[in-house]
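The structures come next, written out as structure tokens.
Two complexes, one shared chain (subunit A), two partners (subunit B, subunit C).
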Partner chain A sequence: MGEIVVDVNDLSRSFGTKDALDHVSFRATVGQVYGLVGANGAGKTTLLKHLLGLLRAATGSVRVFGLDPVRDPVGVLSRVGYLSEERDLPEWMRVDELMRYTQAFHPTWDASFARELLETFGLDRSKKIKELSKGMRAQAGLVAAVAHRPELLILDEPSSGLDAVVRRDILNAIVRTVADDGRTVIFSSHLLDEVERMSDHVTMIHNGRVTLSGALDDVRHGYQRSRVRFVEHFDQPPILDSALAMDGGGRSWSVVHSGSLEQFRHSVLALGGEVVESRDATLEEIFLARAGRNRQQVEVA
Partner chain B sequence: MTMGSPAFNVLRAMLWEIWRLTRVEAAWRLAGGIVGAWTVLVVFAAVAPDRPAFQDFGVAIALVVLVVPHITGWISLTRLTGGMPGFPFSLHYTLPVRTAVLVGVPMAYLTVASAATYLVSALLLRLTSGHPFPLMPVAAWIAALTIVLVAANWLSRNPVFWMLSAAPAVAAWVLLADHRLNAEEIQGSFDWPPYLWATRFDFPLTDYAFIGAIALASIGAVVARVARERHGDMRAIPLTFGDPPDDLIGLFRFRCPTSSPTLAQLWFELKSGGLPLVTIGAAVAILNPLIFAVTGYIDAWLSGMYARTFAVMFAAISLLILQFLWHNAFGVRWRRGRWYPSAFETTLSCGTSRLAALKVLVRSVCALAALTLVVVSLWVTLPLLGPGKTYELLRSGQRAIEGGIGALTGYQQLALSVVASIGLVVIVALLAALWALGARYPRRMNRATGSLLLLHCLVLFLLVLNGRRGIGLFVEAMGWIDAPLLLFATIYLTWKVFAERLLSLRSAVGIVLISAAFGAAWVTVLRAAGIQLAGMPTMDAAWMLSPSLLPLMASAVAPWSLSRIRHM
Partner chain C sequence: MDIIINLADGVPIYRQIVNQIKYLVASDLLLPGEELPPIRTLALQLKVTPNTVVKAYDELESSGVIHGRRGAGTFVSDGRPVLAHEERQRIIEQRIDALLAEAHQLNFTADDILRMLRERRAAMKSGTSGEPTELRRK
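Presenting the complex of A and B:
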């Protein structure tokens, strides 16, 4: 395991009566890409804000580069690039002014990289932020976040609400930043195919709790989607070991399950059925199984 | 539109929403008017039970107290725009109703509600006190002023435009009321005693026609504005409180230095707030004498003091406008119904105390420059008021201040400048801190803190002005509450900023030196004002010296409050 960049230990935070984070632990090592997935309000942004020191830990601890981001904001933020979900940039600034202003805070600013990205995105340097479209604003914010070659890049829903072209440009820019040795990226996203494409690790948050965390390949190999057929007719989903979600009806069902395939086969056989087909589940299937409606169906059953 | 039709349901929903938003304020207005007017009646009756003329004057004051709360009916709705002007129901733009309905319904509701709450309270007072409080004529005038003020508030999202349009409306209302009520002079009494109200308030029909025309014109103007916003021709997003217009910021085109974060932040503060503030100050300083000159010609032509009232009002408002531009030095923004610090600024890799110091100092220096320009302009303009009783108080005040400053020695003048300059920095820092803490902590707590500070200043002001005369018990009681609180808050905050490593030892030494300089200057100013601490009771001396704690407190509370919103 490489050097630890982010170490969140038993972090809890509530807003009023709502537990936004409930005993969350999360660790990120150098040179890896971490994808945070979860439904709206799951706690992804709250966790990212703790990493930036925008929120104080109510209980537990947060360390970034071994520093407390609340007590030592300069030590942490000088090594971090951040793009917020709201793309909160000063409306009155011109793109060029934004670049120069951000540059002043980062001695590691790579002017040629910034220029190249601005040209790739086709951003007009003389335009004010308030004159930019949503996509252009995200691009400008991203250039400001990555052009100083940060050791840690934190992106909160970087491609939310953007069209396919802008999304591709942004992902390419992130990939290029990561390509440099020793860069770590933590990003949250609703777009599971994007997380699947970019991440080395995935962490799933549901109602403020980490429900799943691990290397993407391990996560995907740990879940299968199997098609099963029974002799008997079932009106309700049959109860199967390690099943998380089931679709279908009657004799034919599609099941997302964890654990070994052999154990699952035994479970199906015990109910007089057989596994017709099996493959690794996609991240979306795992997400829906763990956080979606189908899981409740299984629990009810 | 029929009962149960979609349009009717939308209308009902709109009315319900306005009622829900304004009901508490309406209740306060009703209660405030009645209780205030009754208090005035009781006080005047108790002070001079055998002087009918004095009591008549009390009834007139009670009428004024009864009227004033009812002309601010739209204030509750500004919570939808973060306290800023502008049409508050921009989220209704997608409702399937005409713009005229969208605008007309809330305007009509607010106008009728203001008039109705006045009518209820006036009727109640009329029945219980026996005095002939006027009903319909005053209700109609309240409705007229309300609709004009609502229109002024909704016609633009620019606070300067709002103040400049509301001021002439209020001035016109006061002048017209004065014209109607003081039409005939009564020797030995004021011109509108209660026994003449039946005739004095019997306004001619032309007045009501005028009110109707004002109402229609106001609704029409707001409908036109809202229609433009609704179709995307104008900005519908509320501005941030205290932010200068982007076009003004765009005037200053100098490059951001990249050599150091401090210089870059200095550029940011100057461009986003400081230089626009000085520019607005310069513009106001030029406008003031011009307005005085022009209104002088108008009044000479009308043979009265009508336009000059507007000029004096503009001069007073111009100081208020500057205050709006310097009070939110930390740039807390209104978004999605709450106050937030900008995530862009809070994630800068810049130390909290350095960020706080730069923001407060740049805003203070620019505020000082703008204030100096405006005050100098007003100073040279005051003699333009010309002869006459009306503004004698202003002129005599000017003469007294000039005489007082002229009598000071060079050292005392220096001390006064130090007190004024550091005092302004303290005010900017405390306002920024209060604004920031308002984004973090419950509003009630901030109101209590702000009120305590204001009360402290008021007691100190009265003590300096008149000694303990009439407020002795209050000074004693407040002293036992306020002094320990102020001391405790200063010690606690100083300890917190060190514990949280917000301030270094070097900056602390600087702050102590500045506080000491302010303290010495403050004592010099007190002596120059003829206040001797030596023979004074301990409590009074503590009151007098309490402001010297403020620079220390402001130096601690500013970075601490910024840290509180930076790390929520």
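Presenting the complex of A and C:
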């Protein structure tokens, strides 16, 4: 494993009585893409804001490039690119002013790269931010986030509410960041198929807790989705070892389960059934199962 | 390059890429000396992380299917190849497992399936059905 870029240790944070982050640990190494998944309000944005020094760690520690982002914001932020979910850009600025403004904070600003991106996106430099459509705002925010070629790119729900063209621009930025320069990307998304494709590692956050974290292939390999047939008719989901979510009825059930397949077969057999088919579960199936919505449709199209 | 990623089939994405490139080479759809897309291009086309493509190319290189990774591009190696017996068996077994599972669901026995396989093959040989074109499309 390469150099550690982000190291979050046992971070907790509450807003009022609500635990926003509950003993969260998270680590990112250089050159990898990290996907953060979780329901709205699970704590993804709160975690990302800690990395940027926008929130101070109440307990636990946060290090980015070995630095504390609250105590050394310049040392951290000059090396980070960030696109927030709200794309909170200064409304009154024109696009070219936003570029100059952002450039001032970043000695590594690559003006020709910024120009190339603006042209690719067809962004009018003389337009005010407040006159831009949602997609164009995201594009402008993206240029501001990547044109200094940051060592760490942080994207909070980058695809949220965008059409396919702009989503592709975002993916393009992720791919470029990693493929050309071996830099690191952390992005949060509720689009699980996007995370499954675009991430090397995935971290699942549920109610402020990390419920699952690891290399994507390992995570997927740890869960199976099996189709099961019983002789007997079940009105309620039968109790099976290591089953996390079950869907179906009567004699046929789809089950998302963890652990060894052998053990699972055994517990199915004990109830007079057989496993018809098994495969590694998709991230979406694992997510729904781990989010505890056991009655949710497991069958995802 | 015609590669399709299917998230729901339970096979890791890098392995899907490896299998499909091996298949393209084995079936002459990719020819020796032909250049493969750069990592960034293929990653974008498939909408996957570049590291997944790197992993797939690394594996293809170490099994001799492609060469020349560093610098000047990636090319398909000479010599027909490459699908070891074990590999071919694994690919076809995946198909068979899916077929048997579906057959089971539709209440066909394994013997029914064997009989139907023979019938289909006979039909294909005599050229009386449109099936071969259908197969080629896969």
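What we mean here is this: the second predicted complex is superposed on the first by the 291 of 301 C-alpha atoms of A that agree within 3 Å, B and C clash if a C-alpha of one lies under 4 Å from a C-alpha of the other, contacts with A are read in each partner's own complex, and residues count from 1 in each chain.
By our rule, a contact is a pair of C-beta atoms (placed from the backbone, for glycine too) under 8 Å apart; a residue touches a chain by one contact, two chains touch by 3 or more.
Here the structure is a predicted model, which means the values were calculated and not measured.
Chemist: Both complexes share subunit A, so when I overlay them there, do subunit B and subunit C fit or clash?
Modeler: Taken together on subunit A, subunit C would fit alongside subunit B, as the superposition shows.
Chemist: According to the stated criteria, A:Ile170 is in contact with first (subunit B), second (subunit C), both, or neither; which is it?
Modeler: A:Ile170 sits against neither subunit B nor subunit C.
Chemist: A:Ser199 contacts which: subunit B (first), subunit C (second), both, neither?
Modeler: second
Chemist: Taking the superposition on A as described, I'd like to know which of subunit B and subunit C A:Ala140 touches: first, second, both or neither.
Modeler: Neither partner.
Chemist: Is A:Leu54 touching anything from subunit B or subunit C once the two structures are fitted on A? First, second, both or neither.
Modeler: A:Leu54: touches subunit B, not subunit C.
Chemist: State whether A:Arg220 touches subunit B only (first), subunit C only (second), both chains, or neither.
Modeler: second
Chemist: What is the contact status of A:Ala243 with respect to subunit B (first) and subunit C (second): first, second, both, or neither?
Modeler: neither
Chemist: Given Cα centres, how many degrees, to the nearest 10, is the angle at subunit A formed with subunit B and subunit C?
Modeler: Computed from the C-alpha centres, it is 150 degrees.
Chemist: Should A:Phe105 be classified as contacting the first partner (subunit B), the second (subunit C), both, or neither?
Modeler: first
Chemist: Once chain A of both complexes is superposed, is A:Ala28 in touch with subunit B (first), subunit C (second), both, or neither?
Modeler: A:Ala28 sits against neither subunit B nor subunit C.
Chemist: If you take every C-alpha pair with one atom in subunit B and one in subunit C, what is the shortest distance in Å after superposing?
Modeler: Nearest C-alpha pair, subunit B versus subunit C: 27 Å apart.
Chemist: Of all residues in subunit C, which touch subunit A in the complex?
Modeler: Going by the criterion above, the answer is residues 5, 7-14, 39-40, 43-44, 46-52, 97-98, 101, 104-105.
Chemist: Applying the document's contact rule, which stretches of subunit B touch subunit A when the two form their complex?
Modeler: For this pair, the touching residues of subunit B are 246, 249-250, 255-261, 263-265, 267-268, 271-272, 335, 342-344, 346-352, 500-501, 566-568.
Chemist: Can you list the subunit A residues touching subunit C in their complex?
Modeler: 31-33, 171-172, 174-176, 178-180, 193-194, 196-200, 217, 220-221, 225, 227, 229, 276-277, 279-283, 300
Chemist: Which part of subunit A faces subunit B closely enough to touch in the complex?
Modeler: Residues of subunit A touching subunit B: 52-56, 70-71, 73-74, 76-78, 80, 82, 84, 86, 88-92, 97, 100-101, 103-106, 109, 128, 130.
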